[in-house]
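Across the two complexes that follow, subunit A remains constant while its partner is subunit B and subsequently subunit C.
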Partner chain A sequence: MALTGLDIFKLLPKKNCKECEQPTCLAFAMALANAKTSLDKCPYVSDAAKETLGGAAAPPIKLVKVGTLGAEREMGDEVVLFRHDKAFYHPTLLAVEISDKLSGAELEAKVKKVNELAFERVGQSVSIDMMAVRNDSGNADAFAAAVKAVADVTCFATVLITEDPVAMEKALAIIGSQKPLIHAATEANWEKMVELAKKYEAPLVVKGKGLDATADLVEKVAASYKELVVDLGTRELSQSLAEITQTRRLSIKKKFRPFGYPVIAFTASENPRDQVIEAAAYITKYASVVVLKADEKSQILPLAALKMNIFSDPQKPSQVEPKVNAIGNVTADSPVYITTNFALTYYTVEGEVSASKIPSYILACPTDGTSVLTAWAAGKFNGDKITEFIKACGIEETVKHRNIVIPGHVAVIKGALEEKSGWKVLVGPAEASGINAFAKGNFA
Partner chain B sequence: MPVQILKERNSGKITCVTLGATAEQGGTRACTITVGGESSLPWLHFEGETPNKPVVAVEVLDRYPEEWNDAVKAAYGDAMKDAATWAKAAVECGGADLIYLRLQSADPELGASTPEQCVATVKKVLATVGVPVAVIGCGIDEVDNKVIPAVAEACAGENLLLGLATTENYNTIVAAAMVHKHTVIAQSPLDINMCKQLNILITEMGIPADRIIVDPSIGGLGYGLEYAYSVGERARIGSLQGDKMLALPVIGTVGFEAWKAKEANVGADEFPGWGDQAERGILWETVTAASLLQSGLDILVMRHPEAIALVKKNVADLMAPSSL
Partner chain C sequence: MEIIGERINGMFKDIREAITNQDKKPVQDWAIKQTENGATWLDVCVGPTAGDPAAAMRWLVNTVQEVVDTPLSLDSTNYDVIEEGLKLCKRPALINSCHADRYKIERVFPMAVKYNAKVIALAMSEESGIPKTADARVALAMELVAAADEFGLPLQDLYLDPLILPVNVAQDHAIEAMETLRQVKMLSDPPPKTTVGLSNVSQRCNNRKLLNRTMIAMLMASGLDSAIADANDDDLMETAAAARIIMNKEIYCDSFVELYKTNHYK
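== the complex of A and B ==
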């Protein structure tokens, strides 16, 4: 359990010298408790205090990195069980599996297909994070050949799945410099796998059987190597979620070291659609990596969207860029709507406007990501502010007319907005769901 | 070294709510459905019970939903032209545990059906299917306040699930449900405090808590799902700590929200980077449901039969006991 601000305060020098850039020692203690600063900012803290605080402040779940350069990803380093308590920080990595039973053109086509699992969605680039090569063939050379095919084209980090140290060694000779995730060290092979992981400085998955056996094995391995990821070896969804929940609870609430590492989960079903659902459960419940075989864009995009949702910061409203957005094949006569730049508000309006099938412009007025009524109450969505944005965003050069639709909930700003901006204001429906009928009545 | 398992001791649990009524109970349903009763966080069977699995309600309209996605329309075809036929198909081929009948044609712009016509539609649906039925108005308060009481009276004894009671408009619907012994849906706008307040207002009218289902107005995947997810988690945590006014089963309009998303609807010709539209739409609805099942949904209101089949498989997997 992390220390509270008051616990930390007791150990500080209490000079209130401000050299840590905080006004008082108590403020510094509070900032430390919220992980907003670091202990080394205080030059006078005693060694004894450092030891106590350093130990207590160590993250409950270790940060482990995989991949290099643009493909590098971070796993672990989470501090809560529920996102509303703070936030989840490191989105679950999606790894798509490729079997080394494929060869030649088949393998090439598969690798190419998986390599293209990248998307643009709500103005952001999202993609899978890793390619996982599995040694289904049981043959070390076939495994190395498949890894080579991946290494030649991939823009993602890799997971190497084989319990055979010989096959792993051959694969690492090809792709080891790219810091792949090694899967896995088991009771039978861990000494050799640790040796390989050390040699290539690559993260290593420790795979056990259930909670007890896995914890034992992790302790053995961690004595000599600490860049670890945990695989509990359980594949049934219900049991697996129960066990992963325990690793998260024990690491955060009890600082139980053997589970203080990121966790990898494998989808069990053979049907790609069922794998997508299983992966959805693992994304919400604590897996740092999910391996699945589903490889269609239509199957991966929903999971990418779920990652964006679950790992968004609950304290920071998501925003869209404040600008003029064209919906459909707009012309200089297309209607103009205005709303705020709170992503939820904006996309709700966008969805309804695009459903009306009438090409239109939507202005996303900068309101620091607050909704219409919140922004209006805070003085960020009124005649002055909207006028300022209308003049700045370039819509006056884009359309010939001067008519703008405002949300029905802020009908009161109509007069002021017309006066300031010189535009004619139409009061739209109070709820976005009324836009379709409104648009058909006014613009069809 | 054996791992010391951490089990939460929860003092509260979700209230059990039963929908529908059989002949012995004064209704005409072939079966009733009970939801709620969970005494742990979702699916943590090792520290509490999940006596009732989440169920799927299929959304049925009393008008042809021209504006719906072709993938969903194709699934039911001409059956959608009549609410009763559609409901029958939803039960027989769509996997519906209950029917979520939206009386949209009561809207003056969408048909202006009279309360009598609406009652006739509900009666016909009840005569055609044996599962419990939820009946929702068109969303215009003045209209719904005439339609829902008429339905409540004409179907007395059936224990329908009636909606939507909101903070601005709950008196009429709750009174009708109370007098004619139905259950109500209490809808709040993604706000746990308003959710709790509305439940208090409704129970103060005299209806017992085990006749209320909560609709927190979920957001769909990509469009506010995380808010619904966290509201659901907080409500469940509050319930387990003993807050009775939060401890009610939750209904989520999964299909309605998921099929609003651009990602569920635009064709692969327009967005080739997003892949096949029909598959994407089905999975958009499925993943919306699957992720909210992890935050504690009890009734999922859905549309596409293939999405429903996938979600039911997921529920069956999640219901498997776990041992620690």
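== the complex of A and C ==
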């Protein structure tokens, strides 16, 4: 967002010397805000002011990349506080932590297990995004060995967690070319960490203690390196959420540059179930990376699902995959319903069909995620289109009968659909809430 | 949309007589009526004829506060009179108004900060009058914004008035006022609030209410946050309620007009 007249005025020398050809500094600020003059016209403006004015056009939160090739992920570059205002663009990256205290077969087994945290869900493949290796041993060689074990098998980007520059250097010698996330530059080690990050062109986490100290440290580091991720150092959930919220607000609403970077969060609880809940809170509240120790599929899947939901575009209707869905223990004689693939419509129908306790098929007809009446009005849910889908989706090979239930609101398409498809059409209830009674009356 | 109810003003005969006779009833009746119809603020103005304007202001403020807790807009060109009122206000008040002249700003802005009051600031100076073009009005608005920053008056407490004139004699001004409203919102972050003396647009015109409510919808689309207006003009209030809905400022519901009137939009 462009700077306002007042923002610019505050950066000007307030000499009212007229050398810029404007009567006052205030008038000059207004002219600048309206792009009617240029900053070079003022000979007295400070370098700091020039940088602030120049940086105003930059996005509020920098886009930072981690990993290479298929494992590459993007962080940051968000513009809103609430997804309904526009959308959240870059889904939170989930990183599962591996301790370098493990070794040998134990380590190998752990790395293999984490590497397999990938799933199929509603027609999409989802997985964790990163493996984090933590230098718990305090030993640089043990850290390097653990990093090597990860590097040998991983298909994910990595996070390297140690504040010891020697250990970090050894680890980067192994995996540096894959652009891992370096965690972390602190007040004590930041010069050396920046050097390493620069050498491998890898993103660097700046870890402070709370809002003020972290902002100061980020400012120092950003003077020489800008591929940064912020760690506020806070691990207690409520405090951490409050602070991350502040970084998002300050960067977007106040253009506060030290927090204009993605944020990393760590779950603190020992209990894996609590870690999942913590991670869920961070996914919803602005963390770009969440590191957790929980590594069971049952623990990661709900987080992956939450990510998909939170980072979906609210402007686009949510859709289900257009296909034949079997509800209950279906047979070749089970009844067949058809509805649209708008998620709201589909799941309303699905809920009522399963409540009827009569195993059935539901066809989710592709209507670009629009509801029954909208799709019908747009010519996406009529005799032709439904026939096309009946022939393509495989239902004719699945059931022996040729009876299909259509939504009551589009009873008018009955004739055309029967004629085109050769199926017998039953007009169902206008509202899905009538399905139970309808099913009992017709199919029980 | 904050409606600043305009009716308790010594320019109206019933209020003038009430002040003279110290008769609370007409004042309190209007305070209640305007509040019930959705006024966010009540403007109080002693009018030109009061013998002791400070005493009249004190009496008006106390009289109104006996029956409603709606915050007050203290309307006077005499800042000592306003200060008398500010001392008695139970809730943060609105100072109506301050010109963009430096000596007025220096008197009003520190007073506003002292009493935690908000200020209606006019995009005009006493010496040069009302500027014709939007650019000239915005330049004055910028002076006021910079001054608010200087004196520590929160920008959201500054109500910039781009000034509107009667459409029968100054027809070319309304469009400039709308453009001013648009630009004023770009002056600072957070932006200042905006207000107008709405009924002014239709002075001595036919179809006053139609002009007023059409104007408020157009001004709201340009960035108007509040207006000094007739809170008991139901058509006007309904137009404001509808404009809020159309601009996605409130979530739609079937009873949006009733909700607008009861919520006061503070």
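Quick note on the criterion: the second predicted complex is superposed on the first by the 294 of 444 C-alpha atoms of A that agree within 3 Å, B and C clash if a C-alpha of one lies under 4 Å from a C-alpha of the other, contacts with A are read in each partner's own complex, and residues count from 1 in each chain.
The rule is simple: contacts are C-beta pairs under 8 Å (C-beta built on N, C-alpha and C of every residue); 3 or more make two chains touch, one makes a residue touch a chain.
These numbers come from a predicted model, not from an experiment.
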| item | value |
| --- | --- |
| Which of subunit B and subunit C A:Lys101 touches, first, second, both or neither | neither |
| More subunit A residues in contact - subunit B or subunit C | B |
| Which of subunit B and subunit C A:Pro314 touches, first, second, both or neither | first |
| Subunit B versus subunit C as contact partner of A:Leu26, first or second or both or neither | second |
| First (subunit B), second (subunit C), both or neither touched by A:Leu6 | second |
| Which of subunit B and subunit C A:Lys113 touches, first, second, both or neither | neither |
| Shared subunit A surface residues [contacts with subunit B and with subunit C] | 253-254 |
| Subunit B residues within the subunit A interface of the complex | 1-6, 43-46, 67, 109, 139, 219, 221-227, 229-230, 233-234, 237, 260-263, 273-277, 279-280, 282-284, 286-287, 290-291, 293-295, 310-311, 313-314, 317-324 |
| Subunit A residues within the subunit B interface of the complex | 82-84, 118-122, 211-212, 215-216, 219, 236-239, 241-243, 245-246, 249-250, 253-254, 256, 258, 273-274, 276-278, 280-281, 283-285, 296-299, 301-303, 305-306, 308-310, 312, 314, 344, 347-348, 350-351, 354-355, 433, 436-437 |
| Of all residues in subunit A, those that touch subunit C in their complex | 1, 4-7, 9-10, 26-27, 29-30, 33, 253-254 |
| Residues of subunit C touching subunit A in the complex | 138-139, 142-143, 145-146, 149, 155, 186-189, 191 |
